[in-house]
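Two complexes are shown next, each including chain A; its partner changes from chain B in the first to chain C in the second.
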Partner chain A sequence: MMMAKTGTDIQIAICGSAGDGTIASGDIMKRAAAAMGFNVIAFDVYPPEIRGFGKCISRIRISTKQTYSLKQESDVLISLNDGHAIPHVGEVRDFGAVIYDDSLGSQVAEGGHISAHISPAQIPYGFGVRQISELATNSARSRNIVVLGYAAGLFNLPSDGFHEIIRSKFATKAQIVIDSNIKAFDAGLQVGQAVFKLDDVEVGSDSKETNGAEAVMMTGNGAVARGFMEAGIESYFGYPITPATSIMERLAVDMPPTGGKFLQTEDEISAIAATIGAGFTGSRAATATSGPGLALMAEMVGLGVMAEVPVVIAVSQRGGPSTGLPTKTEQSDLNLAVFGGSGDAQRIVLAPTNVEGCYRCAGMAFDIAETYQTPVILLIDLYLSNRYETVIPAKENTFAPKPRKKVSVKKGEAFKRFEMTENFISPRAVPGEAGLMHTATGLEHNELGRPNDAVHMDMSIKRHEKLKSAVHFPGLNVSKRFGDKGPVDVGILGWGSTFGEILETMYQAQAEGISCSAMKVVMLSPLPLQSLQEFFADCREILVPELNYEGQFANLICGALEKPVTRLSRATGTPMEVQEILAEVRRLSGQDPAQIQIAGAEGAQT
Partner chain B sequence: MNKRVKPVYLEDKLEEIRADGHQEYRSKSLPTWCPGCGYFSMAEGLTFALKRLGIDYKDVVVVSGIGCASRFPFFVNTYGFHTLHGRVLPVATGVKIGNDDLTVVAVGGDGDAFAIGGGHIPHAARRNVNLTYLVFDNGIYGLTKGQTSPTSALGFKTSSTPYENGDVPLNPLMMLLSYGASWVGQAYAGHQHHLADMITQAMSHQGFSFLRILSPCVTFDKTNNTYSNLNMRVRDLPEDHDSSNVLAAMAEASRNDHPALGLYFKEDRPTLGQVMDATIQRSLSSHGDKGPGQTKAK
Partner chain C sequence: MSAPLHYVIIGSGSAGFAAATTLRRADDDCRITMITMDGLPFYNRYDLPQVFHGRHDWRDLLAVPPAFYDTMRIKLRRRSRVVDVDGSKQLVSLAHQETVHYDRLLVCAGGRGYLPENLIESARLMHGFGSFEAAMQLYRDLPKGGTAIMIGGDMVGIDLALTLLETGYHVSLITNAQTFWPHKITPDEQSVLLRALEAKGMTVFEDHRPVGVTRDNGGQPASRVILEDGSEIAGDVVMSFCGLTSSVEFMLGADVDIERGLLVDPELRTSNNTIWAAGDVCQIWHDTEKAYKFFHGWENVRVMGKLAARNMLGEHEIFDVNIEDRIEIDADGQLNSTFWVHR
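Entry: the complex of A and B
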């Protein structure tokens, strides 16, 4: 057993071509690391095609401390395809390792082999990946597992954990598949254990210091599905769309054993329509989609607002507009989520910033939707959907449904489903309850639900005012400030998946002596105006980094508060880089640049 | 010699109607349809069927889209959901899945059903959602004041086809038969008792029942689907029609010029609710792949 080494924080990048098993080997690595008790953050980048030689990269950050995002530099790069991996050699830090295949294959063009690109400061670990794979399993297809074994050997990771994960990953396959994968792993492990090691890249199992027994590793999408399950979801309707599909696939497995009704519909319109139909009957109903699907759903969201039907819509954004960048991340559906549809149709929009947030927001979304009788949109993005983090789920399920308040009317009186009450939230009845019959409609209607144009102003007030108290919903952090308290030079304001990078930036900036703090906004509609005002009052400069071209969140904030902010809006399909935000924070802090150690600060877009 | 006709007094007629009891199903809202509209027969027919089947108001949800026919939920004293144009079937599917104990009636016109909502019909039909879909087909858009619809006849002049409609009309019965609807029938607003009987039959069916109801638009169609034209055109299905034979049903349905009234096709197969219950049972007995996503840490 290896000695625990505290302070481990290592990032491994595995790069290959679609079909090489890159993502699969990354998956085994992160699950094994999580099982050993590390904090894991992992994110895969892959092309929209299933095969066809596109580039796949799996990046896994394994740490004994709490981390918020991936690191900009990796400690280890594993190449399964040199053509794809060569551009990434530069992301390996000095004294970092590059693991690659040095077996003599077919003729390699000059500069085509990765070994020619490794800098003198990096440590090359070449070995005969293909030969070992063929020796162990009679096939070159196990190369991804061989390199995994090699990496485990190099870092002295215990092999048992890996064996177990390999067994569970291939549990549905024939025994021979499991056996040959384990053989391939062991063959790689043997070679990896025998090579010269650097202290720098050695990690040990360090389970004592970490989260302990209850830690679970999941993706953002897995967390959304788990939150839905714990909230007692009863009906789900969905249509496949990257990157939201895995929410649907998870629920397809998990819902039926609890008696839940799951249906794959013919399109997104029918998915949200059926969700609203089920929500109308009092069933806990949800759907999940991405930006193009939400665009189709926009009209139905308006019906949900108008007819006051509680439903939950999880939306995982990808690059847009139109089909856009289906497998790349972006935060460009904020406008659509907050404003999409006809008329004044305010709804509740929650944007968690990490995987645990996905779990909590998904779990609470039904309660919020039922309390305010309106659609709740859970807005995440591909980077959050697909990234793995270790999460500690709540010990007790606090998301379970609470009994709905029974309503009654005096005999002979009609039930006022849309009654103007003090808090503008009306009594609600569902089909099957005697004496409370009513018709819900997308037409403007009076308190009884009958079509009526004359009450439009009053009813608009009702539909907007009832949401005001949502920012104080018990148990929900609609915004949170981190870092320095009181007045600061720079405040970084963020939302969604980008907030991980923002937090890392803020801690680095603080370490450099810059007075700064960061605030995340989780509820995008209605906005937590009071905390935003306080934050604005405290910060000399406000920086808003986000992953879109137009600066949609900055526009939203400026529309609400009418205060200038500095935008860092970028649409490249990849997560924001810490160095990029840090450069901007340094510039805004106004400190003498000579006194700050500048590492690769380029003129950032403002 | 003058032949004296016994006068019929409105009050007496209303008394007769009230005594029947099905009026209880009507709400206090008065219908917004034009006098003489075929949709009044539908309202009568549906309330009659609910009464005859003895279904409690509280257990009925009438779901509709947008259009003249879709105003119906406001006029019955049941639960109702007046939704979006063309989306009546997916919403009704959600209502039925949300609570399988409810009796769900989906209502719409020909534009709502076959134009904007056409994409949803095959899926509700093939899934055999246990609901009744009543389509009031008058071959014109009434609520937007007289434009052509997918079932408008060739050569029909409307406000959107001032130089004659050149699109071949759809044949809804053929569509539904090929989509796998488990109950397909046709009725006519001018034959009220038959219509009420067909609605009753459709609602008694376990599965997706589709009833097309031919109806005149007395305001915007003075030439085509008028009462007098339809009275001459409609016929009964042959007495020996075999309603278990889908090909025979299609042969009858193909005669669009002389639409036949009656039950075209009926088959018994598991409803969506039963299929879902079977899925739940299978999931409980299976220990197979639990899918990707979460790994329990040691």
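Entry: the complex of A and C
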């Protein structure tokens, strides 16, 4: 019988009810794993309802290898609430572990306990979670920490790392809170260490190679905020909205000590108006919102385009339209980000595909906005906003503002703020610079900024032509191809958070012998047409997986290249699954299914 | 149309597994739930000495792959301890406070190793061998070439002892009334068998009564058995193999007759007409001897499981096995026992 080894690539899912501390325990697990040197990808799912209702799941993938997405199957499920966890037992792989409380506080009918749902191929680990919590801390509230300790004991993870993270997580609380959480952890640890391990979930201790800097655990939103800070953001105006709020929360803490100006406005329209006002004055200005907020901001984005004001707008998409699915992910604001608003108002839209990309794109966004004198939209989604990954920040800050090129005018001449130059990018001055006074207006205007209908065509050309070179912006990968070089059977084209699953799919497809490539497109406006054309030329079939109903990215690409693609569009509020992309890749590859060597099939045979 | 019957089986060993598969093959519609404290699907405990031959992956010991249960639609509830059976309401209560209703209940919870009363206080210093986990723990704790002290030496223990001797370990056997249990042998026969074991390298201590076990702190050897006369026997691990005690505590409220085991008629039905029992947990009425008798051994237990299942389905078959109770030494000096059908 083959032993299905998992190496050091495990995924732990912690499931409970809001108020059980599910997300908190997941946070400690992921931070501890990152501190131990593992690559970590994590994603929390929580309900829109208040405490005491709804399901929370924290999924954490811990690996010694480079990973790009969560796995479809978890290796371990920890239940803090059987009612919520039972539907997820099926996501645990064979010979994986299910950890649960076998000391429930009340009677349940047949099937009400999670042990009734564990398959014969899964390994049950029941223990008195509630009892141990009460014994260790005189309270059942530490159950979430007890199970963490148990998992650490079972999988032989060092307790020191957890202690440190617990201390840091509760640093603002009374010492007794820290002490009782550590007691709860140690009590669980002791039980976990004593258990005879029957699963085949293996946790190694190999650390990943780093560039000498310390790997940092952050979410997509955290990465955006960090990128903004390293870029020297000076002004932020925003209005809270899920799932973008945590960008604002982070900046509210980080900006004031550096002299930055932070203001929560009364709504999104005020936020974007103030941001554009600040951008006009030369301040590095940004806001963050979600789809409904961007819809409100659309008119003012048009002002930014028309008045050629550099601002950065981070947009984290959620399920829509309207209030839609506020706590579920979707990629359905592409049209709004790229085209939203009145008139021909092309702007730059960047869509990073992972947390590190969020950091880098956010850091570079101001430079890009200032170079092209236009709003830059940083388009992410809830899956990326809330996803945790280990990121290695650059050793040196390359995002800091560079001195703006001084503008001079000949004596007696008026300053042409919107001068028609060779590259269509005009000299830019900010209010207060002597002799460079000018008008910024939403009306169509001439080179001086004065209202003038007659130049509309010329100015439209200018506003579009100046953006074309953005696809060559130094240091920015606006697109990147992975996998097989040259002609391939299947090319997978993706954007945003979905690209992690696409990349995992591509590597699996290659392992199965399918000729396959993947390309991520980071710049959605303007599109990197040349690299897209080369990719299309190389791929017999193009598959475009994305998380929306209409296939907005596929529409964008097909419109630009006038070539057909195969769409894989899905709007369920959950991330794309590798297996569903892989099924399409297999089908498109045209290979005889019998000839495809499905990875892991041999090892799974027992 | 009436709802399908729910058969609940307490225990997932030879008897329980044989019963569950028999039930499914006869009734495609019924619900079958097996409840066990074990963490693993059914494996043959008689194979546990194989861990000393390098079989450390529990999947190698399974009787059937885990998927078999899904195919057979047998719900396997592991790590679930039954704390009570309410025979009138037909409810099984589990320790985690879940209740399971049954239409017909089969108890084949087996037994646990019997420990002489004078050694109960030393139980925590002794190794068990009743599960895969215990067997692996013994394997890990017994140093290569080390000595295992065996108190009693029932046939499960003798089986392990022979494996240990074959794989380079030493065994010190302290005999008592349970040596060679469940075989009933005369003192002369016992003497012959013990000499055969000594010929295989076993050290045998006869006529000594252990009264306690101690474990040195850091010294070698790790464990010592203290005898009644004050002398000591040294080794690395200590184990007791003194036969079985039926696991029946949870049946006290079930309205069934209990002696040392659950008392059943020759059809394996208890005094409650919705509850049957099979295997090491039950004593079967023997009409000739006018007594309730235990029938141990793998083959007996398996036959009981199948028979109980058929009777739960409405048959009226009688347990009437006549498996020979025999232990002998063959021409090559090998011990053979009818208890060891698996060897």
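To be clear about the criterion, the second predicted complex is superposed on the first by the 577 of 606 C-alpha atoms of A that agree within 3 Å, B and C clash if a C-alpha of one lies under 4 Å from a C-alpha of the other, contacts with A are read in each partner's own complex, and residues count from 1 in each chain.
Here is the rule we go by: contacts are C-beta pairs under 8 Å (C-beta built on N, C-alpha and C of every residue); 3 or more make two chains touch, one makes a residue touch a chain.
Owing to the predicted nature of the structure, the values given are computational and were not obtained by experimental measurement.
J.: Clash or fit: chain B and chain C on chain A?
T.: fit
J.: Give one of first, second, both or neither to describe whether A:196 is in contact with chain B, with chain C, with both, or with none.
T.: second
J.: By the touch definition at the top of the document, which applies to A:458: first (chain B), second (chain C), both, or neither?
T.: Neither partner.
J.: Give one of first, second, both or neither to describe whether A:444 is in contact with chain B, with chain C, with both, or with none.
T.: So A:444 meets neither chain B nor chain C here.
J.: Looking at the overlay, does A:120 come into contact with chain B only (first), chain C only (second), both, or neither?
T.: After superposing on A, A:120 lies in contact with chain C but is clear of chain B.
J.: Report for A:538: first if it touches chain B alone, second if chain C alone, otherwise both or neither.
T.: A:538 sits against neither chain B nor chain C.
J.: Comparing chain B against chain C, which has contacts with more of the residues in chain A?
T.: Counting residues of chain A touched by each partner, the higher count goes to B.
J.: With both complexes overlaid on chain A, does A:103 touch chain B (first), chain C (second), both or neither?
T.: A:103: touches chain C, not chain B.
J.: Using the superposed model, determine the angle chain B, chain A, chain C defined by their C-alpha centres, to the nearest 10 degrees.
T.: 140
J.: Quick check: superposed on A, how many Å separate the nearest Cα atoms of chain B and chain C?
T.: 34
J.: Give me the intersection of chain A's contacts with chain B and its contacts with chain C, in residue numbers.
T.: none
J.: For a test of understanding, state which residues of chain A touch chain B in their complex under the given definition.
T.: By the definition above, chain A touches chain B via 31, 34-37, 161, 165, 168, 171-172, 207, 211, 213-219, 221-222, 225-226, 234-235, 237, 246, 249-250, 252-254, 256-257, 259-263, 265-267, 269-271, 273-283, 285, 299-300, 303, 307, 390, 414, 430-443, 450-451.
J.: List the residues on chain B that touch chain A in their complex, please.
T.: Answer in residue numbers: 28-29, 56-63, 66, 73-74, 77-84, 87, 89-99, 101-102, 119-120, 122-123, 272, 276, 279-280, 282-284, 288-298.
J.: Going by the contact rule set out above, which residues of chain A touch chain C in the complex?
T.: 1, 3, 94-95, 101-113, 115-116, 118-121, 123-126, 196, 198, 606
J.: For a test of understanding, state which residues of chain C touch chain A in their complex under the given definition.
T.: Interface residues on the chain C side: 39-41, 57-60, 65-70, 75-80, 94-101, 132-133, 136-137.
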